[in-house]
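The block underneath contains the structure these notes are about, expressed in structure tokens.
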């Protein structure tokens, strides 16, 4: 279980989402209230867009709250669209390559959930990747694999079709697949929740930020209006338009 | 708030205390039940004694559960006396120099608690150190300062007197001083709890380990007999003798 | 021995100084040609100024060339004035607190050189600091101590007087004091070279950057015109004015 | 280019090979004399054998000389057979998963060299692995892949045949394959040098250590008798027997 916060709108310091809100992502990293684990200390990451097509990527294995660099970066770096993630690894050693978000070209992606039968399908999924995406695999998580599979399935052309094809490839196992993710091409923020059984991890969208910006968050960042993202359909937050289903 | 586990007895793999017990230190690092914070993810450390007078010291800033090296070391390294610690830093950046245990010569020391008025006495305490201990200061914590002050006050000659003098130097502030610590000279394990007001963090002692060894732990490691260490007196666990007040 | 690069001028991506030049700071971190050690792999850091008075600070203990985050930051972050440093620690464990640059308020500072008799004067220098600077001490290096002493001696009011007083306090030892440093208040870049005997580490200044900017560097970054900073006087690079002695 | 040191013989502290010799592995990490790069600062690792069949594994991304834990471990940990490695990564981000040695079951392996055409054969090699080895892949290096392929080719049964089959699978590219490696099953140390063209990185064997032990090293650790390992045949160092070709 992890926590996610993402923003699209007028350029703001990252800290306005990551640090300053009453229930900021940093606060959620220590005191999540809607997650199975209250603490998300197994690394963090931020993908942010500025002038380049490709996002900047900052990831580290420390708990977000223990990283002095992160505080400084969040105060100094401004961005018009960014995705931030704090990780609660369930098993194994933490490495930067396994920290979210992942990026490829202009795309960035982060994930909260799990594919319990991933060990049994990992090899098949990797074999299905075209060479350029196979060679882009840097870590060993199910999350990165979902991202690369989405790209292989044409995420850039049709997110809905790519998601459906990816879920089809993942298939079902004994334990339910849970997948809440936020991703972007640098223009639009996409949010999606899926569970093969039961409830996917929470995700909320807001179009009532003070500055006119839009946001996704695993838990509402403040007392404003936040709508739960429904399961099974991709929600897009684009530019300064209001929240709308794809 | 942190969690501590320490052992003295026949040489055993570190994992027998740190990893394997049902409520091991590793388990307490994620699910502490008697601490203000359930998670202790701001680094960890182990001081262990073997043939040399000086202990080995292994400390890192990662959460204990995310460090693959720790798992391997705990399986391979055997010791007749060791102190292990998982840290929950309240503020600031994590660094190895601020991780417990601290060591100097043959002594090792770890601490769970806080001196809330430390910023106002830090300079005075540092000025009171003899040169060799002043130069040994590696980090910036109250914990390391308590250790060096204990040494300056003659810990090696008379722990009780050294502790009394140190508490006197620390004095009182508006908020209560809380100090639960475990330390050793490589022969004896010492445990101590103090609170200027209210209760100090928990510490338990056991002389009923399966292999005849003795242990301190912030929370009982298993279902055996564990006695709460009383506040205000140093408890010694020495060799294979039973738990006794100093 | 370390390597330094600093810039003042129109806002540019950090990579234009740190990564892209033929003999960039990153290149110098692996193949320094005018230093005793060719490799500077014991951490790095960047202090950069934007809208806030206080600089952003990014420091890590990895070799600069092994940090994926650094590459991304250097591509994305733009700044009108920044100081970057790669470190070659002579002894001891690397920690972020001992990485340059150091910052306090609006000031940043980095250093290349050493005070060989520092252990014998450390205590005296620390005792001479006013409380607010004493409490700002985060690490244990001579470099950070020089910075704090400069501040205590009125760096903000008169850099020349502050430097003279600081050198006086440092005094001489058996082995020569060598001190090449670059520092800034966010408006002006200051460079200084001093050796109590022999030559201080190299430092060059250039006012012929393509974009009209000004720079200091331990070794010329490219084939343009670079003037050696003379020993014993503070050189200022301010705004878009040309290089001039203070 | 990396540097390797390995030992088999009476149980000794790791430091007797890694730290104490005049031209120890630690010294070689900063001042290699027979390598293309003098500095090997992109991580290090040690695999050591004690009572368990599986080795202990300690790896970190810091330069070996900057890791205080390593110094302590090398002083405290004793072993009858161990392999140590300092890494000079040619490209990309350092991660523990890409640090040597690698281990699987009772086997450990480290490598100095490169397969320049690895990107073009990586996918084919990975596809050829049986499931249990495919799932054991933790990083993205050619080195780990060579190790897993050796295991897949029956390293445990016949090292010579496994090596020949592995070299066959790797094949040739435009630039020469260079492969100097040391590996062990916990009983025997194996050393091997191969170059598809020109010279493989150096490797020496010694059976004249003071304590009767045997060693491999990229560069002689001291002034004793060291024989260059010939290219193309696996050299075994077993127990207290003298150096002999397989």
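Note that the chains are named A, B, C and D in the order they appear, and that numbering of residues resets to 1 at the start of each chain.
Keep in mind that, in the parts below, contacts are C-beta pairs under 8 Å (C-beta built on N, C-alpha and C of every residue); 3 or more make two chains touch, one makes a residue touch a chain.
These are the chains along with the protein names UniProt gives them: A, B, C, D = Amidohydrolase EgtC.
These figures come from a predicted structure and were not determined experimentally.
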Any chain in contact with chain C as well as chain D: A, B
Of A-D and A-C, pair with higher C-beta contact tally: A-C
Centroid spacing, where centroids are CA-atom means, of chain A and chain C in whole angstrom: 38
Distance from the mean Cα position of chain D to that of chain A, given in whole angstrom: 38
Interface hub residues of chain B, defined as touching at least two other chains: 68, 93, 96
Chain D residues within the chain C interface of the complex: 30, 38-39, 41-42, 61-63, 66-68, 89, 92-94
Sites on chain A touched by chain C in the complex: 48, 50, 52, 56-60, 68-69, 72-73, 75-77, 96
Chain A residues within the chain D interface of the complex: 93, 95-97, 119, 122-123, 126-127, 131, 134-135, 137-138, 140
